[in-house]
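In what comes next, chain A is part of two complexes: it sits with chain B in the first one and with chain C in the second one.
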Partner chain A sequence: MTEVMPDLAIETRGLVKRYRNVDAVNGLNLSVPRGAVYALVGRNGSGKTTTIRMLLDLARPDAGTARVLGMDSHVERVAVLERVGYVSDRPLLGGWTGEQLVRFTGGFYPRWSDELVARYVQVFDIPMKQKFRNMSRGNQTKMWLLLALAQQPEVLILDEPTAGLDPVVTDQLLRVLVEDVASDGRTVFLSSHHLAEVERIADWVGMIDKGRLLLETPMEELRAKFRRIQVAGVAEMTPVAAMRVRRSGGSTEYVVRDGAEEFVDALEREGATVLQSSPMNLSEIFLECLSAEGKERE
Partner chain B sequence: MIFRIHSGSGVPIYLQIEAQVKQAVAAGALERDEAMPSIRQLAADLRVNPNTVARAYSNLEREGTIRTVPGGGTFVAARGTGLVKAEKLRRVRPIATQLAVEAKQVELTEADTVRLVEEAWEMLGTRNGVEHD
Partner chain C sequence: MYLLKSWRDARLSVAIFAVPILIMLYGFLRHAPADIGTSSHASTEWLVTRGLSIAGILLLFVGWSLGGDGIGHDVAEDRGAFLLTRPRLRRFFVWSDGGFSFGLMAVLAWGLTLLFVLLALVDIIRLPPGMSLSPLALVLIPLSGLIFAGLIYAVTYLCTMAIPLDKTARVVSVAALIAYSYLHFKAVRDWGGVTRYIFPSWWVDPFPYQYSSAVAPHVWLELGARAIAIVVLLLIAQFVLERREIRA
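After this line comes the complex of A and B, so read on.
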């Protein structure tokens, strides 16, 4: 286990990408610590893939900068790509077999390991003589992952790695991420909308909506601070960090993003009966953040 | 020792791990000096972040449930948590409060409720019996 070093594996500042009139990414500031398993979560079309493409110089920002391992993704493109693995759900050279892809890709990476290729071919049970385009969705993802892991990247970037995978392949993939990448102190940056998965393997989370960052924080902090508090009767108090207050006939429900304990104490001093102060899972927190953001813009 | 993590519950994963280790020790499923899985191993088995397991282990070590031998692994510690009684009470009191609330809610008597605790106590067996001050 490595301590999280103060420097950042990935850093974007004021990142903007427009497609026609749409701001796909709109002034994004991401700070991904080295050694983190960082999940960028958001709805479909929130800008996750566009962000990842700019990190890898597959798309050019209209404004702002993207840096990986301290290097500008565009200016130092080759040096970045040598040290970063990338897994996507896009097609690789479809007419090539797994074996051909391995031979071709290996030539580009100074730290390429044939031992790792052999190991993951076995672990993942990939049909290496099949053409990529004829492989199942699960095997295609495994092929991407094999190529990314064999180059021994310092940063592994995965765009929706588990989308469309069956539970068995999903489980294999998560195990490899935890055991072979995260446990080595290497950085994992993944986009996802599978929040239950993310909640287990990520230790940092960034929430993005309409190309903007809603929140970026260590996972444990998020879970420690957000609380849903239910009070009997109609309480008039409003906590400082309230995200939502709902009063109905017999009770009041608060969602707070901080200071839950102090607020519960204050309520009880006022004579209110606190029925429940319960933690929230990532999915609930995400929905609250989205709805709070929506209200702010109205 | 088989751990189970419930992702959707909102209970932090490191707390789930801590609770399950303590429960296993209390029930005798994990015995003194038994080796615990390594952080990497347990993280991989549960598909959870290694830092999460590390956090659970360091909390368990601090309160004396497990001990780590530098370079030699992690083991279930000798019984006796090393906590002062006030701290022990502080930890268990919220659970007792919760129990009392639930019991009253379904209109159990105090005697019935106490009896439940006694039964639970007996089920953990004599192996890890009462710790006297």
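After this line comes the complex of A and C, so read on.
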């Protein structure tokens, strides 16, 4: 019988996790396509890490399901973990050298590749004879990534991989993710609040706040659809997909999430002078989404 | 490979165990031949049991130390996100820890007994004339030591699994051991020894009669009951780990 490969590498449906009275994750529906570099972005405490914990069965959902490669991450835990690499900022075995950690971890994985170990030791320049606890923050993250890559995972899950890293190490790490992992058709799922870095590598973005998904879309679509439009004078029109309208002094500023071109045409037909219709970066979009969500809740 | 980790975690405990034994061995070699009970008519089994019960303090330490070094300790030290995302069932970690620790404690318990026998064979320790150690004693004495250390191991292991803070878990485990020991003395003193043969007591004395090689009554029942208690404690630890949430 041929194994049917699901289109989604990661899928959550109605995922809920509560800690006392706080909803850490609140009805999360994620759909991460296979082969994507998917970034889950959000503020600190927005539920990113809790989501990852549930994907890896480190925490149990209060409701909903988490599936990785079509498998329930709790019921088929071992099969999921065999095919998923994980990178965190938590400690490995502190008293062990890089070489010992490689030997230890390799014993768990049937597809472990010593060739990949040798390759990434060289690429990352990791001091393999040094104990993990004595390594720099950057080398510790590289060590985690080395162990995850050598197991040849189909899905690589990274929790805030660039937190606390200098720009050089960050660049090195992101390049490996794009050039080696994503180009190979494997899925990268990372959480981050460093939006500039995410924007460089991600082709899918999920925005999360207070445990709820605000938006999930391909990066290209996000860039194409979100626009900041400035109009001279006080315009009275409001587009359907307006996220924000600010009228001040002699101009009006719109932030629209869709249909920017049609709206600009409509404005011009009404005789308004459109000063600018510019794309927005991920950071700006994120802030607008947060602000819109805040207003909706009020 | 996980066994290698267990061994690395246990090395210090074994070293702490070995140092007093080596010092004692040096003392025996220096003063050889050492007469053990040649003037009395005590049974060899009784003498060996008394001798090894001193080493029982060391076994107690090893049991407590190994119990505190398992996966519960790793989780408390934030290494759970790494270890528990390896593709193994969570129960694998509990029974690997248990298997390794019991193997190690068995080696130490039997090793000590065999060392004693060896010293007697080469006449470094001189036993009462005409007396020898029965094969049953070679099984029962170390087994009793192993079960004793194993109970302490299981109590400590469960504490480190159930209590998130490592230091608190160790303190609670010591408190539990003290409370249980107190219960034992209370049972012997105030309850007329009704319960003394099974619970509560840590140590099963297989040869309690000074002038006879007879085995204690109910010895297998006592050892069996403790072995069941160990398995139950480890099953509870497994149950706790399988439901425990891990920081990441």
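Keep in mind that, in the parts below, the second predicted complex is superposed on the first by the 292 of 298 C-alpha atoms of A that agree within 3 Å, B and C clash if a C-alpha of one lies under 4 Å from a C-alpha of the other, contacts with A are read in each partner's own complex, and residues count from 1 in each chain.
Operating definition for what follows: a contact is a pair of C-beta atoms (placed from the backbone, for glycine too) under 8 Å apart; a residue touches a chain by one contact, two chains touch by 3 or more.
Source: prediction; values computed, not measured.
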| item | value |
| --- | --- |
| Which of chain B and chain C A:Ala202 touches, first, second, both or neither | first |
| Partner chain(s) touched by A:Ser183 [first = chain B, second = chain C, both, neither] | first |
| First (chain B), second (chain C), both or neither touched by A:Ala224 | first |
| Which of chain B and chain C A:Arg175 touches, first, second, both or neither | first |
| Chain B versus chain C as contact partner of A:Arg43, first or second or both or neither | neither |
| First, second, both or neither for A:Asn281, with chain B first and chain C second | first |
| Contacts of A:Ile52 with chain B and chain C, given as first, second, both or neither | second |
| Complex contact set, residues of chain B against chain A | 5, 7-14, 39-40, 43-44, 46-52, 54-55 |
| Contact footprint of chain B on chain A as seen in their complex | 1, 37, 171, 174-175, 178-179, 182-183, 196-197, 199-203, 219-220, 223-224, 278-281, 283-284 |
| Parts of chain A lying in touch with chain C, wherever the complex brings them together | 49, 52-53, 56, 58-60, 77-79, 81-82, 84, 86, 88, 90-96, 103-109, 159 |
| Partner chain A, residues of chain C touching it in the complex | 1-2, 4-5, 8, 77-82, 84-89, 243, 245-248 |
